[in-house]
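Per-chain residue numbering starts at 1, and chain names A, B, C, D, E and F are given in the order in which the chains are listed.
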Amino acid sequence: MPIINVQLFEGRTVEQKRAYAKALTEASVQVLGCSASAVDVIFSDVKKSDWASGGKLCSDTE
Amino acid sequence: MPIINVQLFEGRTVEQKRAYAKALTEASVQVLGCSASAVDVIFSDVKKSDWASGGKLCSDTE
Amino acid sequence: MPIINVQLFEGRTVEQKRAYAKALTEASVQVLGCSASAVDVIFSDVKKSDWASGGKLCSDTE
Amino acid sequence: MPIINVQLFEGRTVEQKRAYAKALTEASVQVLGCSASAVDVIFSDVKKSDWASGGKLCSDTE
Amino acid sequence: MPIINVQLFEGRTVEQKRAYAKALTEASVQVLGCSASAVDVIFSDVKKSDWASGGKLCSDTE
Amino acid sequence: MPIINVQLFEGRTVEQKRAYAKALTEASVQVLGCSASAVDVIFSDVKKSDWASGGKLCSDTE
């Protein structure tokens, strides 16, 4: 509590997710004053062919 | 804004998702009066063995 | 199946949501070939003070 | 109605998910008084390297 | 871990949610073999005018 | 891209959310190397009577 669900393009490395989860958790602790152990972060990789912006698949607009 | 998350059975082609994202975005623009660029659509493929209806996995009820 | 979750700014009328749900469902039927009765649409109203883009609450950037 | 989205570590078998969906649906019917056919359950498998608790990826803390 | 997100019509009492959370958690413990303390359940009340099935708002079809 | 959905207990002030959105966005920019304008953060306030941990509503365990 909080639970942070992050949808992002697939392709990030485990090292990036490790750093990202740490940074998001530290931001939560700093602002909310909660303990780090209370923070859950879940990453959902999304293919560019599964994400559309402006009506066009991101895989079509690179 | 809006963000449209669509959970659907896996198996749809990229062509179908391309058309679907376009149609959902056009519906948003038409009804909400927003610009197309403000609309995000994200597809989440779900296996039939990960979706249950009526207490039964959809993979068991075909 | 599909389930369509739409996050949008609060303030839309029931009439707009009625038209929007109809349009999203028709787009689903047309592209996926499913029956309308298989489509669920859920709207989640989000306050502009609960949505940030570019690191700034949308309530601060109007 | 209801729609139950379950995020869980990947690795569960179809047999476990079959039993789990049945149990969650029965709990819904019992408490809410709805029909089983009104209950959707969707499982989202999450890799331990995509889930962080306490700022650390679960794949790092086993 | 698991995290169980339940979308349901608004109007359920705290007593119902208390019993429902208990039942969903017990089902999780029984099937997954996890500890109860590892289970989070979050209820999201949805107005019938924010939920459409078959292209029609549930508030219109009662 | 990314989209960050945060479920947290209700009761946080707009000032806290403003700071939190800023911190989450900065963490995203720093780790992913994306532009701030590509980051969406959405807060969902959850009542303690709508969140259960260990099978008990958080409103019952304070």
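The definition used in the following text is that contacts are C-beta pairs under 8 Å (C-beta built on N, C-alpha and C of every residue); 3 or more make two chains touch, one makes a residue touch a chain.
This one's a predicted model, so the numbers in the text were calculated from it and none came from an experiment.
Any chain bridging chain B and chain C, meaning touching each of them, is among D, F; the list is complete.
The chains in contact with chain B and with chain F alike are A, C. The centroid of the Cα atoms in chain A and the matching centroid in chain E are 24 Å apart.
Between chain C and chain F the centroid-to-centroid distance comes to 20 Å (mean Cα coordinates, whole Å).
For chain F, the set of residues that touch two or more other chains comprises 3, 7, 26, 40, 42, 44, 51, 53. In terms of which chains touch, the assembly is arranged in some other way, matching none of the line, ring, star or all-to-all patterns. Here the touching chains pair up as A-B, A-D, A-E, A-F, B-C, B-D, B-F, C-D, C-E, C-F, D-E, E-F. Residue ranges of chain F in contact with chain B, taken from their complex: 3, 40, 42.
Of all the residues in chain C, the ones that touch chain E in their complex are 14, 17-18, 21-22, 25-26, 36-37, 39-45.
Remark: chain A residues 7, 44, 46, 49-57, 59-60 touch chain B in the complex.
If you check the complex, the residues on chain A that touch chain F are 1-9, 12, 16, 19-20, 23-24, 26-28, 30-32, 51, 53, 58.
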